[in-house]
Structure formats: C-alpha cells, structure tokens
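What follows is a group of structures, each given as structure tokens.
Same chain, two partners: chain A is paired with chain B first, then with chain C.
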Partner chain A sequence: MSWAAREAGRAVLLLWLASLAAFAVIRAMPADPAVITLLAFNQPLTDEAVAALHRQWGLDRSLVEQYAMWLVDFVSGDWRRSFRTGEPIFAEFMHRLPVSLTIGLGGLAVAIALAVPLAEAASRRPHGFCDHLLDALTLGAQAVPAFWLASLLIWLFAVEFAWLRPFSGATVERMILPIAIVAITGIGPLAAVYRAGLSEVGRSHYFMVALGKGGDPETTLARHGRRYAAMGLAAALTAEASWVIGGTAVVEIVFGLPGISQFLVESLAMRDYFVVQAYLMVAVAWMICVAMAAQIARHWLDPRERVAAP
Partner chain B sequence: MSHHLPATVTRHLWLVPVIAVCAAAAAAWQPHPPEAIDLGARHLGPSLSHVLGTDHLGRDLLSRLMIGGARTMLVVALVAGLWTILGTCVGLCAACSRGLAAAALLRMAEFFAVLPSLLAAIVVTSLFGFGPLTAGYVLGLTGWGPFALLSFGLARRGLGEPYVLAARALGGSTAALMRRHVWPVMWETQLSYLGTKLGRVAIAYAALAFLGLGADAGRADWGAMMFEYRLFALDHPWLLLWPGAALIALCVVLRLAIGGDNGARVPATRGDLASTIEHDAEQERLKFTPGIARAGETAI
Partner chain C sequence: MQRWVVALVAVLASFVMSAGSDAQDARPVVIGQGFLAESLDPANGAAGWAWQSHGVAETLFTVDRQGRAIPNLAASVAREGDVWRLSLKPGLRFADGQRLDANAVKVALERSIATNPRAKAQTGALTITVLGETALSLAPERTVAAMDAVLAEFPLVIYRVDGERFVFTGPYQVSEYKRGELVRLTANPHFRGAGDRPPVTIRRLTDPQALALGLESGELDIAFNLAAETLPRLKRRDGLVIKGTPVAYQYMLLVNAAKAPLDDARVRRAVGLGINRADLVTALGAGEIASGLYPRFMPWALDTALGLDVAAAERLLDEAGWRRLSPGAARQRDGKTLELTLTNYPQRPDFLTLTPVIRAQLEAVGFRVRAESIDNITPYLQQKRFDLAFWTMHTAPGGDGAFALEQYLRADAPLNVMGYASAKLDSVLDRLRETTGFDARAALIRDAQREVLLDAPMIFLITPVWHVGLSARMAGYEPFPSDYYIVRSDLTLKP
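Now for the complex of A and B:
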C-alpha cells in the first residue's frame, strides 16, 4: 500500500512538472496562433480580430492565470477545444489514441513473438545462421530509416504485388504494414538483449553447477536460464514501450493513419497550444505508466529485488 | 568477464577526418547549384554533366546529395560534441562527488536518458525553425543522458580499482587520478558508444526533415528529398533510392569508423563493449540498460 501511495505521489509530482514545462515551452513559441489562424482562413489581419481571438481562447489573461485555469480544466477532463478544428481535444485524443497504441504495442508484440525464438535459436548455435540473421537485423535497425523502409514496403506490397491497400483498405488492412515496420525495427535490438542474457547465463557459475549436478540442458535452461534473460528483455521492452507515443509519428504520417502523433504534427504548424500541451501530458503519463509496469514486472521476475526492497 | 576492449575500436578512426574533409568539400563545392531549377532538364538520366541525373525540377541529384550530406554531418558533429562534453562532465562530476550532489547529477542524467529526444526535436524544430543547427542542438542537448550514465559507470569502476586507490594513497589529487588512471581506460568505450549511436542521429535528422516541420520544403536534406521524391517512386525509383542509400551508407561508415570492426556486431553478439556497458549499468542500478543500446527510437 505504501509503495502504491509513494509511486502515485511521484507520478503526480512528475505530471505537474511536465505540465509546467509543456506550458513554458509552448508559450515561448515565436508565432501567435491568432495570426496564423486568421491567415489560414483568409481573414483580414486586424488588431481587433487578433484581440477577439485572444479573448475567445483566454490568451488575453496573465500567464499565471492562464496556466492555473488550464490546469484546473485539464484535471477535470475539459481539455479545451482545438484552435484549428474547433473540436474538443479530449474526444479527439480518445478517438486517436487506440490507433497509435495499436501500431506501437502491436508492433512490439510481434517483435517479441519473433525475437524470443530467434534469440534462442541463435544462442543454441553461436555463429550459425540465426546468429548472423540476428546481427543483420540489429545492424539494419540502426542503419535503415523506417520511413525509407516504409516507402519500400508500400511499393512492394501495394504496387508490385498488389496484395494490400495500405491507404484505402479496411482498418485491419491499413494496420498491417505499419505494425510490420515497428516490428522489423524492434526485433533486432530485443533479440540481441535476450540473446545476450542467455549467453551470460550460459557462462554463469550457477548454471554450470546445475549442469554439473546432472540436470539436462533443456530443464536447466527452463528453470535457471530464461528468467534471467527475461529480465534483460523486460528492461529493453520498457525502453521501447515508453517511446510508443511519439515514436510512431513517422509511421503514422507515411501511412496517413489518424494517430495522435499525426494530430500533434498537424497542430504544431498552427501553434495549437492546447493540443500540444495535452499531447505532452499524454506522452509523459504514458511513460510513467510504462515505468510502473516495468517496476512491477521486475519485482515479479527478480527475487533479489524483493529481498533488497521489501 | 573481460573488460578488455579490442584494439579494433580505434583501427578505423582515420576514417573520421576523411569523412569530415569529404563533408567540408561537399559543402564548399558541388558540380551544379543544388537549388537551380531547370525545367528543360527534368528527369534526365545519368550523364557526364549530371552524374546521377536530375529530379522533377531539373535539379542535379548529385549536388543535392552532397549538400544534404554536409548538412547531415554538421548535425552529427554537433551532437557528438555536445554529448561528449556534457556527458563526460556530468558523468565524471557525479563519479567524483558523494551524497546529494551525486544523486542530483545522476537523476538529471536519468531524466535526459528517458526524455524522448526525437519528440523534443519534433516540437522544438517545428517551433523555432528547422535546420542542421537547431536539430543538432536539440538532439545534442536532450540526448546526452545515456552517455553521462555510461561515463559515470566507467569512472566509478575506474576509481574503485586497486591501483587507483594505491595512487590516491600516494597523495594523488582527484583530478590527477582522473587524468592519469581513469580517463585512459574509459575513452575507448565512450568512443564505441558514440560509434553505435551517431548513425541513429543521422537517421533522426533525416526523419525530422522527412516530417518537414517548419522546414523550407525545397531544402536539400536527405530526409526532405525522400519526402519530395516519394511521389516519383514508381517512374523514377532512383530518385528515392539514392538518398536512402546515402543515409544507410553514412550510418555504416560511421559505425565502422568509430566502433571499429567489432562495432558492426556489438549489441548483437554481446561483444566486449556491450557486456561492459550492461555490466556497468547493472552495477549502477541503471534499469533501462538497453536504452543505452538503443535509447528506444521506435521506428523512425
């Protein structure tokens, strides 16, 4: 209970700091959203029009007042309306969030499902085919830009083979390639970490002792090996998962998917204050959730953690 | 576990000045003005005058690639410099200090290690204008966390070595210990880390240009070129393939130049570097170790 209370307190403190930072960065922006909006709608750029928009959006008040009012509204679930679309931001986010999370988490799930068997096969036969494949995927993830790969896959699957309609098909059909891109870039690093954990276990004294006692390799690996390797994988996954919001921006834009990062990019150009602030808050909240989940997973996977920090 | 680094870390280091000279030369001279539009010469194939042909506005592709490469290298150099300076300073200071100061420095480094620097770069470049300088400063100032944590781990372990304790007992000052005994064993690992990450920096810059936030759309950045030319992927695939190939080649060369032979395989095979980093990270309770390996730039 005390653990949960402490974590919740830290999360609230972090979110509050993030809200301050988000507010400060966005208000430091060099352009005025009222001017941009008037220009975008071909309206005459008069002082009265600018002042009217400022009054409508509450931008004529002092910064402290604006921040306090926004914070109160935000906490009570009123995320204001977008300058650009006039729609409520909260509803828009709830509509778009599933798209981003499906791409990001779906891609990660596929990546794990493929990375674990690949890493096991690689560590069974060091310098074998799977080991080299793993190397190539890792290097590929570091050297090949995802948006370039995306263009290539669109060309291959939509144009040459005509198997998929990534822009006009059903939702499921549109999701396949984006998920594949996230998965392809994730497999290498995840498999590398799991492979590293396995080979470290293989060299460890306790593993050799267990083998020396006459345990057969499969059982020994299942009892003593996988849990240790899984700890490394969980840590790697934490890093990957906390980037799901924001990391899928490029994929969303290439495939024209209505995720929240696409919304952010559209809104930035219009200096849509409240959208950007809401986005940053959602990103930070997501990272906090992932970090908490990771801590629970670590607690569950690593007995040493339970002894050290009851 | 061996902490000995292979001598190959520095074997290809001579490539670094070569890359720098190439980038400077590409910035100073191109066969054609990279932005010169010539609608009479659209989509020309390779020729002596236009070695890689021309694009849909008749601009010389090679010239644009050269300028784009120079701009990319400027970002990479800026980021490498900022990471090295900030990361080393914060890491060493944290390793030398105790108690609250060390904790504060480490918390700060951890904060910058989990801060999504691509997201920060997306926001900042679209607000303050896109260019190699803005992008380089943002990526550099927000991404140095893992480098600082790595430096901290290396310095802490170095300071704990028996020979360093012996030197301290002989009356050596902390600064002298750092210079004589700690720095010599840490810089190669730092360099390898840079080698594994700088390619990602080049890709992050290309991704920013591809998104085209606050950018002048006609700019000859590799990412912007890929965005612009993707419309012609079917009829003129070379327009799209060349910038992509250039970017991949740059990543591989950077990796080879700074990471050494081993660099190409480091995270995969748990070469000495990877185990060193992970070992330190484990020791220093840095739970997002693989964040060091990749800092999680999902799918850019």
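Now for the complex of A and C:
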C-alpha cells in the first residue's frame, strides 16, 4: 500500500473516531439546549415549547438514530442548522474559517519571520541583548494573558497614538493587531526551539571538526546548523499550527472578528450540538493535515528520513 | 492686497471647516454592542429580537419606557368572546413601499408560527382570519389574558418575504449585513421622519474592555452596556458622555423552599431582612434597591424599597429555633448549624462581586455561608441542589407582569425551581388569567408580589443600572431600560 493510501485510511479512521467522541462528549454535557435557548431569550418555558424545539432539531429520536442521521448528513455536506442562529452550519464555517486562519497562520508566519533572525542573533552572542530578549519573549508568552496584551496594544495604537482603527478600519487594518498578538506570543517559543537547535549543532563534534579545518564560526553554523534547527522549528510549528482553529478565541472576541473560535465559544454555552460536533470534526481534519504537512517537511529537511523511507 | 488674502483664507478655512463638519455628520453613527442579528430571517432563533433591537423590525405592539405594552403597528386589540379582534393603524408601509395590511400581517404571523416553535409558546396554535383591510381576528388555542403583551413578543415581528429578502417596517432598513461582525443601516424612507435619521453601523463587540477602548479611540459613537470598572476612566475623558439607566433585568436570589433550613418561611424572610441592598449598590457602583419582583419604573411595581432590618431577621431566626450559643458564632438548632450555600454563575460577573457582600451580611445575622460558582447554572437549579442562587431575568419582556409570575412562582410553573407552592398566590394568578383591564391586572400583580414577599421564595435584591457611553455628537441619546430597543426612531445627531 502506498504512503498516501495508508495515510488516507488512517485519517478516515481518525475522523470516524472523532465523530463518535464528539457526539458522545457533547451529549454527555448537562443542560438541555431547548431549555437554555428559551431561557436566554425570556421565552415561556413550557413543555410544548421544549418538545417542539426537540422535534425541530431531531432530538426526539434515539441517540443511535441521531448519530447515524447526523453522520450521513455531515459526510454528504449537510452539516445541519445551528440551534442558536437557525442558519446552515457549513456556510457559517466557510464564512468564519478564513478569518481564524488568517489570524492564526498570519501570526505564525510573522512569528517565524522574526523568530529565526532573533534566534540566530541570540546564538551568535550568548547572554547578549537578543538572547535576553528571546528569554523575555518566551517567558512573556507564558505569563502575559492574550486579552491583556490585546487591550494594551489597542490602548497604545488606537487610543493614545491613533495610528490604527482596530474596530472600524478596513479589513487589513483590523487584522494588524490580532496577527501581531499571535506573532508576539509565538516568537519566543519558536525562537527558543530554533536557538536550541543551533546550540546543539554548535556543541557537536562535526561542527568542531569544521571549525578545526579553519571554517568561520558564523558561516559554518549557518551552513550546518540551519537545516537541523529548522527540523526542531517544524516540530514546534506543528504543535502551534494545530491550534489555529479554535485557539484564536481571545483575539477574535476582543477585536470583534467573526472567526470560528468565537462562534464555538458561544455555541458551547448554548449547547449547540451540531456546531460543536462540526467544529470537532473540522479541528481533527485540520490537525491531520498539519501532521501530514509536518511529515512531508521532515522528509524534505532530514536526509536520514529519505534514506530510512521504504 | 493683504485684506484680500486674509478674506480668501477665511473663506477657504470656513469652507474646509464646514466641509469637515458635514463629513462628520454624514459619518454613520457607530454603535458597539455585544450582540448582532444572527440571521436575516426573523423566524430563525432570536433574530426577530435582534432586528427589533437594531431598529429594523417592529411588532404589532411594543413596550414603552415604563415596561407596558402599547400599540405600535396595531391600533388596538380587544377580546370578543373566545377570539381577539385586532385593528391595524391605517396607511402603514413596509420599507420597500409595499402596503402593510391585514393580509400581510396574517402571512407574517403564520410563517413565524409555522417555522419558529417559540412564536406559539404563549398562544399554542393561533388561527388568524382577515376581517377587512385593517382588521383581523385571532383565535389562540390557549387562554390569553393580555394579547397586547403576546403581540409585543419578538417572535411575532411583522415582515414580508420578497424572494430571499426580508422586508420590515422599522425606522431603519439593512444596507449591508456581515454576519457576526456588523450591520449597516439606512433610514427607512417610508417611516415618518426618515430625513432626520443618520445612517447607523452596528458593530459586534462582546469584550467590555474593547467597548470602552473603542469609545475612547473615537471609533464608536455609542458603546452599549459598559462594564462598571471602565466607567471612572471614561468619565474622566473629555468629549464622552456616560449615561446610566435602570433596566428590566431584576437581580434576585432564588430560595430552595423545599430544603431545610429554607423550608421554613421565617428563615427565608430572615435572609431577605438581613441583606443591606444599599451595600450591593455600592459594591456594583450603580443600581436601585428593589421593591419586589419588578423594577420600580414599571407600573405594577411595589412602591417601598426593601430595607435592612437585622433585629427583625434575628427575631425570626430565634422564633424558628435557630439560636446563637455565643456572640458572633453561627446559629444552631438541635446541634445543627444554620448553614447555607450561596451559588453564583460566572456568566454574570456582577454576581461574583455581590457574593462576598451578601455572605458577610448573612453571617452577621447568624448564618454560616459557603459560596460556590457553578458554570452551568440551569440544570443545577432544575435538579434543586441549591440553597440560595443568584438569578436575573427580564420580568416583563412583552409588557405584562404576569410573565414572571406564571413562569416562576405558580405551584406548577415550569421554572419554579424553588419548590414553592402557595394556594393563595395561585388563586391571585387564576384571577389574573381572567382579568383583561390594565389597572385591574396591575393591582393583581401587586397583590401577587405581596404574597411572594411574605413567603420569600425569591429574595429581591436590586435593579441593575446599565451604562451607555456616548460620543459628543450622540450626547442627546437616551438609553432604553433594556436591550430590546437600542436603535430607535428618535435616534438623531441633535443634542
């Protein structure tokens, strides 16, 4: 069996298991979506109203029936309608996914673009300014909450300097700060991984031999270290990129951007079953794609992978 | 020559300034608020409510600032035996110029009832017959005592389906709709006074800090429902106006009357008497002390604010057998301590602020209070696992006070999680179901509240005050006491 066929089979199996888990987890959550919906909008909570909503949403059928019917519909492209909005979920995802992907992937791209030169500068001068800056960014990514950073940046750039209009500007203008926040929180960890790769190469025997042959330390490190450090960076990126769908909720909420993460948070609160199930399926599919891309990247970066491959 | 230059510069300057001011006025009024219509179809979810709040959709009856239902598109509704006769105002039009007559009302209501289960929650099935150009008869499956309040409910907004478009009757019409992000509105040319109405953009901002920052940066003209912690900062900033208004979402404690020690009405009343509501207002920075189930601006509210009476609370607890064995200690009876759990939920940050205040106050009269926060409060309440639980609701969304009483306090009410049953209250509510006159209904609603105050299955706390931040050009905007009508026909740039 070819690599592609094996991976595709594995992906289908994973998606099916994810669909089972998604269905089971959301149904195990306490609270009836019909009750929550009626209460949220001050509507009379009568048995008839609850039963009518259950009927409309198909919740009056057995769990097995509900799962089977949903799965068939989902695979055929009918992701059902949201309990909360009454709108088709597939269209909602297609409308919102680009926003989340732009913020998440845009932030990661900027983070990589800044992390690599920062890590190289830090590895050239250990305990220098760049080295300390990298440590501070790594620590800050863990310690500073994204909502606080977002409020600070809005206050600086929109209120004090009036350079940006993060709530009412054109789309590009509105995206600058959200992408910057994802980037700022990503630079430190990514640069730390890249620096660790460079340092490891710097301590290696083959690097010492190259220096012994009269090589310039910077050129030699660039020649022998970058590819190795990039492999570490790719692994770190896999983890970061896996959370792009769903992981940008804070910036979406603060900046009022209609992404998928904000939609998920609101749908969870209303027990919007079909939205949460669709989200979990999309998130798993995305993670599978990211893992595959990472595998391809590893294959390309690491000659040993190519030798070991059957 | 010099004079000519000065004059020319002055003319140019005044031209530039007037052009600037025209540009300022032509700029849409930008509103930041936490919700946006989730669908263009008013029969989907709560979209009807959102379009009504956005100033686009209207109902046959509406709710005035005192919370009572008043005619809007309808002129009147009157009971005639088992049916209701509805008369429309003459000469009404949809935003596209089409006439709004009895047949259009029938089509809109029947579509909503067929597609949105919430639309018939109050009436059951509703048979609608057109009697004339502006007259209809409505025959509800269930007995309805206040049809005006039913017809003021958002699932019954009036609209016309034109292909894939939904056309409404409100002061504004939709010019652009970006789901989850913004709605752009222009004046409905067929609504009176259209020329005075500026274009409006509503942006969805759910984060309270973002709302405040948007107002400070000048991007928002109206920031709706600001968080209390942002108010001091905003009040200090030049050019901003902050206005507060009490709203119809009353804060209260639900009391588990089916569980000891709160199954004793004396203990429940002691809880109410032991709370100093003025401290709650201070803790939140705003609010009005409650007099009963309804905010005091509503016509069926009780007049007297609920007060603190520690001596009376202590006396009631003594009578119930709960005694202090030493000063400052929790009360005991038969070796058992007078213990309560006070439950809040994080979705209402105000309740997190109020919890330690109420806890300290109840401990001062001899309760031992444990505080807890429950993320998913509804099933927790329905399982009746609580002692005292914070709660809030719009007590009269359609403009009739019977709503909250019927939903929460009748013995078999769907939301009577308190386990409360009072034959006396139920008999008042039975009479309320049969009474149609406004004054008579208001008197019965007040009687019902007095019963509730005596039995104390709910402890009424305060009426919250919501704050709206305004830019200088919107300084004349007066907030409505709920989120049901944010964009209204009186929205103008005039101060």
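The rule is simple: the second predicted complex is superposed on the first by the 296 of 310 C-alpha atoms of A that agree within 3 Å, B and C clash if a C-alpha of one lies under 4 Å from a C-alpha of the other, contacts with A are read in each partner's own complex, and residues count from 1 in each chain.
The rule we apply is simple: a contact is a pair of C-beta atoms (placed from the backbone, for glycine too) under 8 Å apart; a residue touches a chain by one contact, two chains touch by 3 or more.
Remember, predicted model here, so these are calculated numbers, not experimental data.
On the shared subunit chain A, the superposed partners chain B and chain C overlap sterically.
Judged by the touch definition given at the top, the superposed model places A:F147 against both chain B and chain C. Shared-chain residue A:Y67: touches no atom of chain B or chain C.
Look at A:V159: by the touch rule set out above, it reaches both chain B and chain C. Judged by the touch definition given at the top, the superposed model places A:P30 against both chain B and chain C.
In the superposition on chain A, contact of A:L53 is made with chain C only, not with chain B.
Contacts of A:F90 after superposition: neither chain B nor chain C is touched.
In the superposition on chain A, A:Y228 makes contact with neither chain B nor chain C.
In the superposition on chain A, contact is made by A:L257 with chain C only, not with chain B. After the shared chain A is superposed, the part of chain C among 169-177, 241-249, 277-285 or 385-393 that runs into chain B is 277-285, by C-alpha clashes. On chain A, the patch touched by chain B and the patch touched by chain C overlap at residues 29-30, 147, 151, 155, 159, 253, 269.
Per the touch definition, chain C reaches chain A in the complex via residues 30, 32, 38-39, 41, 43-47, 49, 117-118, 120-122, 124, 153-155, 178-181, 201, 203-207, 209-210, 213-214, 216-220, 347, 376, 378-379, 382, 393-394, 397, 403, 406-407, 414-415. The touching residues of chain A, counted against chain B in their complex, run 25-26, 28-30, 104, 107, 131, 134-135, 138-139, 141-148, 151, 155, 159, 181-182, 185-186, 188-189, 192-193, 195-196, 199-200, 203, 232, 235-236, 238-240, 242-244, 246-251, 253, 264-265, 268-269, 276, 280, 283, 287, 291, 294, 298.
The part of chain A that touches chain C in the complex is made up of residues 29-32, 35-49, 52-53, 55-56, 82-87, 92, 95-96, 147, 150-151, 154-155, 158-159, 162, 165-168, 253-258, 262-263, 269. Those residues of chain B that touch chain A in the shared complex are 1, 114, 116, 118-119, 122-124, 126-128, 196, 199-200, 203, 206-207, 210-211, 213-214, 223, 226, 230, 233-234, 237, 240, 244, 247-248, 251-252, 255, 264-265, 267-270, 274-275, 278, 287-291, 293-300.
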